[in-house]
Every structure is written in structure tokens, then in C-alpha cells.
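Have a look at the structure below before the remarks.
Letters A, B, C, D and E mark the chains as written, and numbering starts fresh at 1 in each.
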Amino acid sequence: MNDMRILERDVSANTAKITARGVQVYYGESHALKDVDVDILSGTVTAFIGPSGCGKSTFLRCLNRMNDTIAICKVKGEIRLDGADIYDKRVDPVVLRAKVGMVFQKPNPFPKSIYDNVAYGPKIHGLTRSKTDLDEIVESSLRKAALWNEVKDRLHAPGTGLSGGQQQRLCIARAIATSPEVLLMDEPCSALDPIATAQVEELIDELRSQFSVVIVTHSMQQAARVSQRTAFFHMGHLVEYGETGQIFTNPKDPRTESYITGRIG
Amino acid sequence: MNDMRILERDVSANTAKITARGVQVYYGESHALKDVDVDILSGTVTAFIGPSGCGKSTFLRCLNRMNDTIAICKVKGEIRLDGADIYDKRVDPVVLRAKVGMVFQKPNPFPKSIYDNVAYGPKIHGLTRSKTDLDEIVESSLRKAALWNEVKDRLHAPGTGLSGGQQQRLCIARAIATSPEVLLMDEPCSALDPIATAQVEELIDELRSQFSVVIVTHSMQQAARVSQRTAFFHMGHLVEYGETGQIFTNPKDPRTESYITGRIG
Amino acid sequence: MTDATQHASLLEADPRTRRRNAAEMRFRLYGLIAVGIGIAALIALLTSVLGNGSSAFRQTFVEIPVLLDEAVLDKSGTRDVEVMKKVTTVGYTKLIQTALMAELAEKGIALGEMTPKDVMGLMSKEAPADLRKQVLEDPSLIGQTITFPAFANGRVDGFFKGRVSMESAKLDSNISPEQLQLAEAMKEAGLISTRFNLGFLTMPDASELRPEAAGLGVAILGSAYMMLIVLVLSLPIGVAASIYLEEFAPKNRWTDLIEVNIANLAAVPSIVFGILGLAIFINFAGMPQSAPLVGGLVLTLMTLPTIIIATRASLKAVPPSIRDAALGVGASKMQAIFHHVLPLAMPGILTGTIIGLAHALGETAPLLLIGMVAFVRDYPSAPPEGFLDPASALPVQVYQWTQRADPAFVERASGAIIVLLVFLLMMNAVAIVLRRRFERRW
Amino acid sequence: MSVGLLSLIVLGLAVLGFILGRQRALAAVKGDPRDLHSLPAYYGYSVALFTAVPALLVLAVWLFVQPILLQSSVSALIPASDIAEGASIDLVMSDVRRIADGLDAVAAKAGLSPAALEAMRADMTDMRGRLAEVGVALGADVKPSALEAAKAWRNGEATGRLAMSGVVLVLALIGLAIALLRVKPEERARNIVEEFVKVLLIGCSLIAVATTFGIVFSLVFESWHFFKLYSFKDFFFSATWNPQFRGGSSLGLWPLVWGTLYVSFIALLVAVPVGVMAAIYLSEYASPRMRTVAKPLLEVLAGIPSIVYGLFALVTVGPLLRDYFAMPLGLGDSSSSVMTAGLVMGLMLIPYVSSLSDDIINAVPQSLRDGSFGLGATQSETIKQVVIPAALPGIVGAILLAASRAIGETMIVVMGAGAAAQLSLNPFEAMTTVTVKIVSQLTGDTEFASPETLVAFALGLTLFCLTLGLNVLALVIVRKYREQYE
Amino acid sequence: RDNVQVAGSSTVLPYATIVAEAFGENFDFPTPVVEGGGSGAGRKKLCEGVGENTIDVANSSSRIKQSDIDLCTANGVTEIMEVRFGYDGIVFASDINGPEFAYTPADWFNALAKDVVKDGKVVANPHKTWADVNAALPAQNILAFIPGTKHGTREVFDEKVLVQGCEDSGAYEVFKTANAGDEDKAHDACMALRTDGASVDIDGDYTETLARIDANKAAIGVFGLSFYQNNTDKLRVATINGIVPTVESIAAGDYPVSRPLYFYVKKAHIGVIPGLKEYLEFFVSDDMAGPDGPLAAYGLVSDPELAATQEAVANEVPMGPLN
């Protein structure tokens, strides 16, 4: 099972796509993220690991300002995408989110047909000129999400009638259909079976060539398999961040080490 | 279908808690489960594995008649709990569900306080005489679900405000608080981090001494770690069912083999 | 697939983004405008109601000392109430007239060519009746001189409130400019004052000859009784029916039929419920006319569909996972619904109740047929017997007052609407507070 | 024993049953509720139900059946010759019943013994006068046979009452005993109670159905009379509505139906966009504080009596529309118009749409919104394409409710749209609606048994069928476009 | 039941409330409960039967009809007393600031009829202004608010104004010849109103008419005399045949447009419902319905034959068959 495909490719050659400095997040009174500094590189898969409740999802949601929708959530510090501060007043979170797509922990397909679920993003962003274009995008996205064969005969059935795993893959297809620059995935495979997981992981690897992927995962195997860089969170702190191989084989922080060695994934 | 019910080992000492014969499930027109025969043994952890959409959750929901709530769902065949047909007209599904508890794939805490979430089952089943009894049950259930330390200071905060993993552990705590005879778990760890997963797996192992556990999982590692028996589903068929060791090391059906070896989990 | 650079730069919006943002702003603006339209309509209506009606709570009173002459009121001198009852209001009118003339003479107010009858025209016809009631209640008053506040005539009241002017009085057959001048002089002499009139809330309705004495006492009681009945019946029955239809009833043609049927009941004109009430409660069940009980039952039937529709919609909106969760720990369906689904549906149920009760509170048409649109001067007694006594209702009072010829009733109708709204707000306040407590997103 | 007292006693027994049942259940397991099938309270409830329900049911049936039986036995005492010309036995029997009731009062007032009462003779005493003294009105003098019948009635009633009290009490006690004996740990008390609650729920939903039947029956009877007086064909296929005082009216339905649809349509044209947008704004954009203030404020609109709207339409909106729209556009110079009534009614309906829709929109799970935002949708796109479709069934329900209210409204139409029944497309012309005409024909000065009054019932029935059709249509549409979340 | 219950005509309602109020004040009985609801509905309720849960008195602005009597008989209400207590004047009035109007019935017929007679021929009504109808009238657009067909007043308006005007102007004869001598058809033709918006039916009450005139200053409305008397500062009354409508002119029979007001009493309730007899006698007493009583002050035209009525009430004389 330890088939850690540590990638030889020169990670450092990639430029920083997102830089976060001194990020603090508060939910009302409670301090959920404490002073997090991270550089997300382009063309790289970055994995966030850490115990449940440590703030992985929270940080992920900072990166495309999904936290804006939670009234009590306050973000401090600086996060830059391609050098532009995404918390700048002039920044339109809508444009930001088009560039930084997201797949959520709980599958949340729209109560629409499978086709409409996937076509939704391209439609609102005006990515297509014609119905055929759109059909193409829908098909290729579903294919990439390893769902095409299962649903091609019922594209117009409701997305909510799919099984849990199918729903999650549908959400992935929906996210990649808008071809974002950065894709945030919050435990995308937690509802998937091994084969589908493998397909998604393959997809992630493929996507990396075009844009950065950030993935939250509980499976250290998965982190090891798909990511080039890994960040370990603990109790709202970013404990350690570095190349995946190094984190897994030679962690610097004792907390990381105890988490990794107590691993069981 | 391969008849895999030749029981060796100390497992054979355990009696069959649930016996399913010729179970067919239809969702309206679509035939989701086809002729499934399974014996769930007492004091045993049984794992259901298989690709997404193969019918694992469906079968699980048959075992405590949760399928009753889906109008279009029709179940045929025979399922017996301790020899009594659970689809008999005289059977009260409520009593059945008190005996056969369930944890769902998507965490679904009640929009109530954490305490009330856990205390709900014991309250409606009249399991306690006093408030102290109830407090005790809540605490021990939360401890068993490895959540106590995280929430002991905010037992009266809403359960919906927890992180995904915390929510799922809360649901587990809620299910075991009623001390069922059989516990059905639909991917209970898919939202959990490795440490919490280890705790839950430990818990499952502990619970086994008191009652049967059926667990749906996508992680073959997990199936191998926690279960004594494994059932492999494929496209609505029960392809293979037997001792976990045998299934993973020496599968008889080519489909099982290809699934296991294509494994990556 | 298209390449990644198509997305706009973060800081500078491309035309498409600008368009989308403009659409967003527009949409938001539409929303704000919609709320604004609603609020503006409310303000317009309320200002017109308040503007017309607030003066109904103030009333002009004439205060003069009246000698309760034994020779007139109790010739026998026995203070026997039965005997004293023989003296009608006509006798008291004369008494007041004498007192008024005497007082005017004492204050040195010139009467010009006015006859005593003209002078008496400044007083409400309610005054003698009021005095008679006081005396019969307490015969020992006879022989004393008492100063009691009597209503001024509606036109005089209108003069001090600005509704009647010297010019209009010239054309008005019920009042003359001279009388108004006299009223002004009396005001200067401190005999007439305009002040808050509690009687508007407590007194019963009055006839067209004395708008100044008309009050809402009976109507408020009647409405309160009816609303009590409506609330106590329609909320539980409506919720229970919705629970059955939404959660238990098999989904088949029959339940479709019931669903359509209930939606249809909401569209039945309210007067038809009056026809129903007349046929069933009065003619068949033999309940009395003009009784709040019958009114309450009819309004209950009328409110039920509203509550059922609102309740069903909000039951439907509760996510199924909550039901699964409860069933999964061994709750029965009934327990799952009463413990989890119903509390989550509560905001919608309360909204339905608010709207339904608001409708019921303001409705006149069905009451028309069951005898509640009536002139009732006696207060109903306390419940439960009071439910069977004749009573009026607030909207009925509004409806009747808007039909009266005397313009003084216009302000009173608006005043009654204010009371109705306050009544409504008090009723809703409870529901709104409750709704706030149940509201949550998941 | 009076019915009220009897029911109170039965209810008291039920409370006792609750306490005993609960105790017995607990005692059976030595105070450990864990060994019980259901929670202890359920045992209590089940005993209480067994005590009260059969007894009260019998009581209700008895109260209903006894008069019928008495009626048939007593009416035999009235010889056919004593039934006045033009009267019927029913009429005489209602006199008999009133006399019977009055006898008690007479006896009480005069302090008569039962024997003296029994000896009272109609041809000796002035029964009518004596009854009148105690407030019982009779249409004619009391015939001896009627008095005898009344006495028989009274005796029968007294015996019946006594038997009823006995039966009901015994039944309650038997129920209590049996239910108590049945209390065992393994008894499915909860199921029993829940079955009962379910029956109760069914009963409640049947009230709605019963109301419909009541409405139909109370309309059908008089409609039948109407169609005997007025040709069916003229009512349904004539396009003139022109009732006359001394008959010869044209009572064609269509101008009214058209007016109803037109006014409602305009009202919805105002209320639906404004209401839905307001709901969207309040649930998606507004701060919680604004929402808590604005929502109840809008709800006040639903509570303002429609007469206020009517006056608003008549005094403000009507002349405004006439002077600034109708006259310049050359569409007429009527200040009361469909437009006026529709606009004002639309205002009244705003909260119907906004408040209910707001609740429904609020119930759409946040995860759906997150999903859409995560794809880079703007808030309005999310609302339009994800939230609203998910909330659609509820919103349609709210709109239907508003439409229903529009169809049933009278006051605003009377004052805003006038009373002229005509078929016209011009929204600035006066028209009227079915409901208005129902009210006005029913409360008019025409004699009741004339087609001019009875037409109100036929109109009511037609409107009932019409809205039924519309509702079926709406149901079908909602079914088709429903998007179920989760 | 210890209170008298009254229902019926909304025209009679104000008079009945005035009486009820004074009755409640001066007698030991509770104040009677007086309902409106229309003459037809009131008579229907009266005829529903004998007994506590039926009303005692039905107010009516028109005479009882045979169908009502039949219904009464069928329900055991055999003896009814008919009491005529006065007359209601019907006046035409316009905004106080507008011009004076002096009408004849013929003016009204020519202004509002669907078809009028011009030069001996039946033509669709061509008149736009009152001056077109009668050169002596102001040149103001014709716009009349007349009672809707549900109102009893409309019957009087049709009868005493339109048909009268029709006959006066000679149109009746023309219609009769046009309809081959059929008098009913000729009558109908006299009462057919134009539908181009010049004549507007009002289904509401007089306050609505007043409000409409307020919103539409150039209109003429039909009112009850009592309503006009309470609003003399807003309305300018028109004369008919040169006669100003007043209580006196109507009582004298000079002013042509008026109608009798009645109430009907269920005789079986007299002596049973406490206070009923007293109420009836009080109502028709000179103190109330007399020419100097409060009802007259409010606008009731006192019945010259009131004494006979008082006697009939005192003797509880039931009405005979309709003639």
C-alpha cells in the first residue's frame, strides 16, 4: 500500500500561485486559524492534512473567500493570488471563485438534472458559444470525473438521485467544467470507492499540468500519492509545510511525526 | 452465485444474527439489488465493499427497514433477525431500528445541542431513570466516539456547528447511545482523520464483543483491519462473501480479484 | 476545453464580469425596491389611517355643574329605583338644558338669537342617558349638584378637530355658525375641552345620532373571543391535518384530491363560508345568531386552508436526512415528526398562522350571514357563556361606520382600524418572537 | 346528569387511568423503565384513551341517535287530523320539542311537582301563555295531542338520559379496568397511542374535506332552486349580466368570470414579482436585523382590513390612474377600473407571497448555495438558478394562496373596480367579479326566492368548480417542475 | 333569549338603531340587536321558523313578497304583522361647488336611457352633456352614480324617475308602438340604461357614492334624504319638477321620489321574547317616529297615518293577504 510515487520533477521551478501570510480566522469568539503562512505553487498538488477540526476546511475556504458566506467568520492577514490581494476591496469574489474552484466535503449536487449540474458553471461564465460546445464540456468533465459511463444514459435524470459516490464525482465534474486556475478539494474522495478514487487521483494528477490543486484529505496514503507538497495543520496552527516526501519520511516537528507515525489510514 | 457460507474458524462459533435470503430491491423501475443472500453473524464485524453505486447502502438500509421511508423503494425476499422475519407485518420497524442502529454516510446531526443529539435515543427508549444516568450515557457514548474531549466544554452548543468529522463522530455517539444489538455504519470514517478513524475502529472492535457491526467502507485497508467477514458487491449482485482474510488474499470470483488488485485505497 | 487564461484579472473586471456584476446589482436593487414598495405601501396606508383615525381617540367634552333636581327626578321622594325609572331621558335633557343655560348666564356668554334648543344642540344626545344611568345607579346623588363630563355634539367636536369650519357650518343643517361661536366662547370660559377619550375603547356602538359616543368595547370583546376560538381550533387542527397529509398519507390520487381540495378551499370566497356557517352551525346545530362562537367556528374553517398550505410547505422543506437520523436511532415516525420535523417547520407554520389570523381578524363578509354584522350595545359576558352572547367584531364596526351618513364616523372608522392593527400586532408579536426562536439554517 | 358533567367525569376517569396505568407499568418492572416496551407515560396514555374514547364515542352517538328514535316513537302520538293544513309533521314535532323543553321551565317557575305536570291538560290550562312566560315561542295554540306528545318526549328523554349516563360511565370503568389489566411490560403502548394520534390526525384532515362537502351541499341545494327558475343555458352561455328588480334579468356568468380573472391577474402581476423579490431580498441579502424588522412589517399589510385598501383605491389610486394614464392614453375616464383594484389588491397580497416564500427560501440548505458560489456564480445567479428552483413548490404554494385570496376578495373590488359587469380588454374600465356579485346579490333587497338572489349560490358553485380546475392545473405544473433537494 | 333580534334592510338600519339605542336607555330590557344584511335576507330569516334562534323583526325597504309569505307559511310562521313607519326620500345631489341642477324625470330618462326618441324615432342615446338633454341644464358631462340593482332604491328610481320620465317625454308611446303594443317590453325599454359609462351602478352604500363624487366632481349621485341631510356641507341637492326635497315636501306628496319603509314582526314571538311588544310600540310612538321625533330629525319622512299604525301595533293585528 505504500506506493508513494514521490515525484522527481523539480517542484521549486513552479512559481507561487497563492501566497498566504499571517492568516487568522475567527468564528465569532473562537480562533479557528492562527497565523498561517503558506505558498501554494502553480502546477502542483498541495495536500492539507491534520486531525479533524484542526482548520483545514476553514483555511481552504479562505482561499476562495467562501468564508464570506458565514456571517460570524472573520479573516485577517493577507492572501495573494498571482500577487493580487484577494481580500482587497476591489476584488470581486465571484471572479475569484471562478478562478479558484471548489469541491466540498459533503456532496451537494443541485436539484437539477445531471447535465444541468455540470453545465451550470460554463453557462454562467459564458464559456461556450453553442449547445455543442456545452455538450462537449459536459461530456469531457464527466469523463474526467470518471462518471460518464455511469450516467451517459440518464443525463437528464436528477443529480440528487445518484449514490453518494456518484454525487461527489458529479460535484467534481461540475467544478472542473469551469476550468479554474486553482482547484480546492475538500476531501473529494471520502465518499468514493477505491476505483473511483484512483480515477479521481489520476484526474488530479492530470489537472496539475494546467493549474494548482489543493486537496484536503484524511488519507495520508492519498496525500502521499497525489501531492507534491503537504501542509500539516494542528489545532489551528500550520505546523509544518514542505515537500510531501520530506514531510512523510522526515518530519521536523514532533507533532507531525506523532501524527504520521500514529497513522493508520 | 458463489455460496460462501462455509464458516470455519472461531467465527463459526458465532450464530447468525441476521439472515438475508433472495433479497431484491427496486427503486421504481430500476433493479438496485439482485438476489442477495447473506448471514450476518453476531459478535462479528462484517464489511461491505464494492464500487460506488453497487448497492451497499441500499442493502444496509434493508437491514433496519430504513428503505421504508423511500416511497418508490420495494424490497422482496426474506431478512430475518434472530430468526424473526423483519418484513413481517407484525414487526414494528421502530423496535427493529432500536435493535439495529444506523450511522449514515452524510453526517446528519439534529439541529439541537450536542447533548440533546446524543441523549435523544436513550430518552425515547426510556433507557435511563435519572438525569445522572443520562449524563453518564451521553458522556460514555461521546467518549467511545472519540469526541468527548473536543466537545465536553460545549455540550449545549448546536451539533450542526461542528466540523464535518466531528459531526460524523457525533452521529456515531448518537447511534451507540441506544446500545443497539446490531450497528449499521455507512462509511462512518469517510469524513474522519486518521486518528479519529483509529479511535472509531477501536470502538468498532470493542463493540463487536457486545453486538454485530456491519460497516460499509471504501477503504479496503479499513475492511481488512476491522472486519472478520467481508461481502463484495458489484452492480447489485453480491459477488462474494466470506472471511475477510480469504477475500483479500484468495478471492474466488474474478470480479472480486480485479477489484482487490486494482486497489489503491 | 478552453484555456485557463480566459478568466478575468482579479482587480480589473472584464466586460462580461462587469455585466454580471451589473446584473447582480440590478437584482439586488429589485429586491430592495420590492421591499421598498411593500414598506412604502404600508407607510402610505398607515399614515392615511393614522392621520384620519388618531383624532378618534380624543373627544370634546362639555363640563357643567348640573343640579339633580328632586322635583324632576324623583317626585315621590322615596328614592325607589323602579319609580325613578319612569323619568325618561327627556326629563334629564330638560335638567341639563336648564343647567347649561344657567351656567352660560353665569359666565356671561351672550346667546344672541339662539333658543335653548339650539344651545342644547351643542351637547351630545348621549349626555342625558349617561346622567340617567348615573342617577339610577346611585339615587343618593339626587338633590346634589354634580359636575360631569358630557360629550359635545359630533359637529362641535369636529369643529375643534378641524373637520367642521364656519363655512361648512353655514351649509350644514345640523349646526350653525352661531352655535360654533358659542362653542368657542364656552371653550374660552373653560366649559369645553378636548382630551383623550377612553370611552372610544370601552363604550359600545352608538346610533347615527350620536357618533361622539360610539365606542369599540363590544367589538373588541367580540373579536377577542372569536380570535381565541380561531387560534385554539385552527392551529392544532391545521397542523395535525398537514402532518397527516404530508407525512403519513399514502401518495396517491386520493391525497392529490385532498391536496387540491384544500388549495381550493383557500380560494373559496369568504362569504361562502358564511353561507356554510349559517347552514351548519345556526340552522342545523341550532346555535344562536350573532354569537362569537359561530363567528369563531366559521373563521376557523376559513383560516384552516391557509394554515394547512403554509404548514405543508414548510414540512416539505425540512430535509429528509433529519427524518432518517431520527428513525435511525429508533424513533417512531410519530416521534421523529413531533420531536424534529415539526420544530424545524415551526417558522413556516407560524407565518401561516400570522397570515391566517390576520385574514380572520379583518374579515367581515362571512360574519354578514351569521348575524354578527349587527348593532349590539350590550357587552357579552365572560367566557364560556359569553361565546353565545351577541357581539360585534372590529372589522364589522369599521364596515358599519364607513357606511354611516354622519362624517364623524369616518374618523371613528379609521380609529377602529388603528385599534384593529394594534390588536393584530399584539397577536403577531407572540408568533413573531416564537418564529425567531425556531428559525435556523442547516 | 348533564352531558357536560358526564364528559367531565369521563375525562376525570381518564386522568386517573393515566396515573394508574403509568404506575402499574412501572411497578410491573420494579421501577426500571428499561424493561418496558415503551416509555411509562405511553402506558398511562393508552389506559386514558381506553377509558375516555369508547365512552365519549358512545356518548356522542347516543346524543345523535336518541332524538331520532324519540321522534319516530313520539310522532305516532300525533293524529293526522291534528296537523294543520299546510303544515307538516316536522313542524308539529318541532313545536312538541319546544313544549317539552318549556315544561321544565314551567315546572320550575310554578314549583309544580312532576305529578302535577303530568296532570296538566292542554284544554284546561293556557299552555301557550304559560310557555310564553318562560320564553318559549309557539306558532299556534297547544293541541292536547301535542301536549301529550311533549310529555312522552320529556319522559323518553329523561329515561334516555339516565340510561345514557349509566352506559357511558360503565363503559368508561370497563375500559379503565381492561386497559389496566392489559398493562404489561411487553404491551405495545406506544404503538397504541400513536395509532390513536394517527386517527386523530386523519380526523383533522377530514375536517377540511368535510368543509368542502358542507360548502358544496349548502350551495347545491339553492343552486338547484336557481336553475329551476332560470335557464341553465342562459346562465352559462350568455355574455350579459343585468339583474333586474322585477324579474326578466339576464344573469350571464361570463362578464363576472372575466372580471375575476382579469383583476386577479393584475393583482398577481403586482404581488408575485414584488413578493418574490422581497422574499429573496429578505432571506438572501438583508441583514438579520433588517429581516426581523421588515418581514413582520410586510405582514402588517396582510392584516390591514380590506376596506382600508378599498378606500385607498377609491380615493387615491383611482383618480391618479385616471388622470395620468387612462385619460392621456385615451383609454377612458373611469376612476374605478380593473387596474385600480388589481394594483391595490396586489399590494395587499405582497405578504402572502413574500412571507411564505421567505420561509421556504430560508429552508433551502446552505450547501446548495455554497456549491454554486464555489463555481464562481454571483449571488443573483445562485438565487435564480439554484435556490429558487429548489424552493419552487413552496413558492408556487404561496402564489396559489395569494391567487386564492385575490379571487375571494370583495371590498377592494367593489370600491376599486366598480360594480359594472362587462367583457372588455381595457384595464382602465370598470368591471366586477364573481365574489362581489355573490355578496351583493345575497345581501340585496330582492326577495330571497327570486333568481336574482339565488344566483349567488350558482355563482358560488361555479367559482368553486373554476378554482378547482385552476388548482388542478397548478398541481400538475408544480409536479412537472419540482426540484427536490437532498 | 332575552333580547329582541332585528335584521334586514340597510336603509331602515339607522332608524332601527336609533330606536334600539333609545329603547335600551329608557327601558329595563336589553338593547335589541339590530342587523343589516338587506331586505331580502331579513325577510328570509324572519320566515325561517318560530323559536328562539330565529329573528323577531325583519326591516324592509319594500313590501313583502308573496314568495316570502309562502316560505313563512311552510315554516310555520303563519301570523306576520306589517308595520309601515315612514317614508324614505330619494334625492339627487352633486358636489357642493358644482352648478345647480333642476331636473324633471324626463331629463333623467333622456340622459341615461339606452335608447331615446328623437324626432319620433328610436335612436341610441346621443347625449353627451346635460345641456344636450335639456338646454336649461348646465353643459356638464353626464355621469350619474345610481344605486345598483341589489338596492331597493333602484326599484324606486326605475319606477318613479325613468318610467315616469319615459312617459312624460312621450317615449313610452313610441316604444309601445315599436314593440307592437307590448307594455312590458315598453317598460323594459324605458328602464334599459346606456352602458357607455355615463351611468354607473353603485353596489355599495351612499358613503361610497359620496366618495366617488369626491373623486369625480362632475358627477351626480343618488342618495337617501337622511344621508343628504347629514352631508349638506358637501352636497348640493337638485330639484325635481322644481321641488326641493325636504321632509315636509315629501310628506306633503309634492316631491315625487320616495318609498315607504316597513318592518315585519313574527307575531308568535310577541309576549314570548321579553321587550318585543314594548320595542314595537316604542318604535311607532310619536316620541320616535313622529314628525318631531329623532327619526324625523335624522331624515325619516314621518308617516301621516302613523296613528293608525300605532293602533294596529297595539292590537297586534296580523297582515292580511297581499293585494
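What we mean here is this: a residue touches a chain if its C-beta (ideal position, glycine included) is under 8 Å from a C-beta of that chain, and two chains touch if they have at least 3 such contacts.
Keep in mind that what you see is a predicted model, and the values were worked out from it rather than measured.
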For chain D and chain E, chains touching each: C
Two chains joined by the most C-beta pairs in contact, as defined above: C-D
Cα-centroid distance, chain B relative to chain C, in whole angstrom: 60
Between chain A and chain B, centroid-to-centroid distance (C-alpha), Å: 29
Between chain A and chain E, centroid-to-centroid distance (C-alpha), Å: 83
In chain B, residues with contacts to at least two other chains: 92, 94-95, 106, 124-125
Residues of chain E whose C-beta touches two or more other chains: 1, 36-37, 41, 52
Multi-chain contact sites of chain D, meaning residues that touch two or more partners: 190-191, 311, 365-366, 378, 381, 442-443, 485-486
Interchain pairs in contact, sorted by label: A-B, A-C, A-D, B-C, B-D, C-D, C-E, D-E
Footprint of chain B on chain C - complex, ascending: 251, 320-333, 335, 339-340, 344, 440, 442
Partner chain A, residues of chain C touching it in the complex: 1-4, 6-11, 13, 16-17, 20-21, 24
Contact footprint of chain E on chain D as seen in their complex: 86-87, 91, 94-95, 98, 129, 131-132, 135-140, 242-246, 248-249, 311, 314-315, 318-319, 332-336, 414-415, 418-420, 422, 429-430, 432, 436, 440-450, 452-453
Chain A to chain C touching residues, read off their complex: 81-82, 84, 86, 88, 90-92, 94-96, 98-99, 124-127, 137, 140, 179-181, 210-211
Touch list for chain D against partner chain C, complex: 190-191, 194, 197-198, 200-202, 204-205, 207-209, 211-212, 214-215, 217-219, 273-278, 280-282, 284-286, 292, 294, 296-309, 311-312, 316, 347, 350-352, 354-356, 358-360, 362-366, 378-381, 383-384, 391, 393-394, 397-398, 400-401, 403-405, 407-408, 410-411, 434-435, 438-439, 442-443, 457, 460, 463-464, 467-468, 470-472, 474-475, 485-486
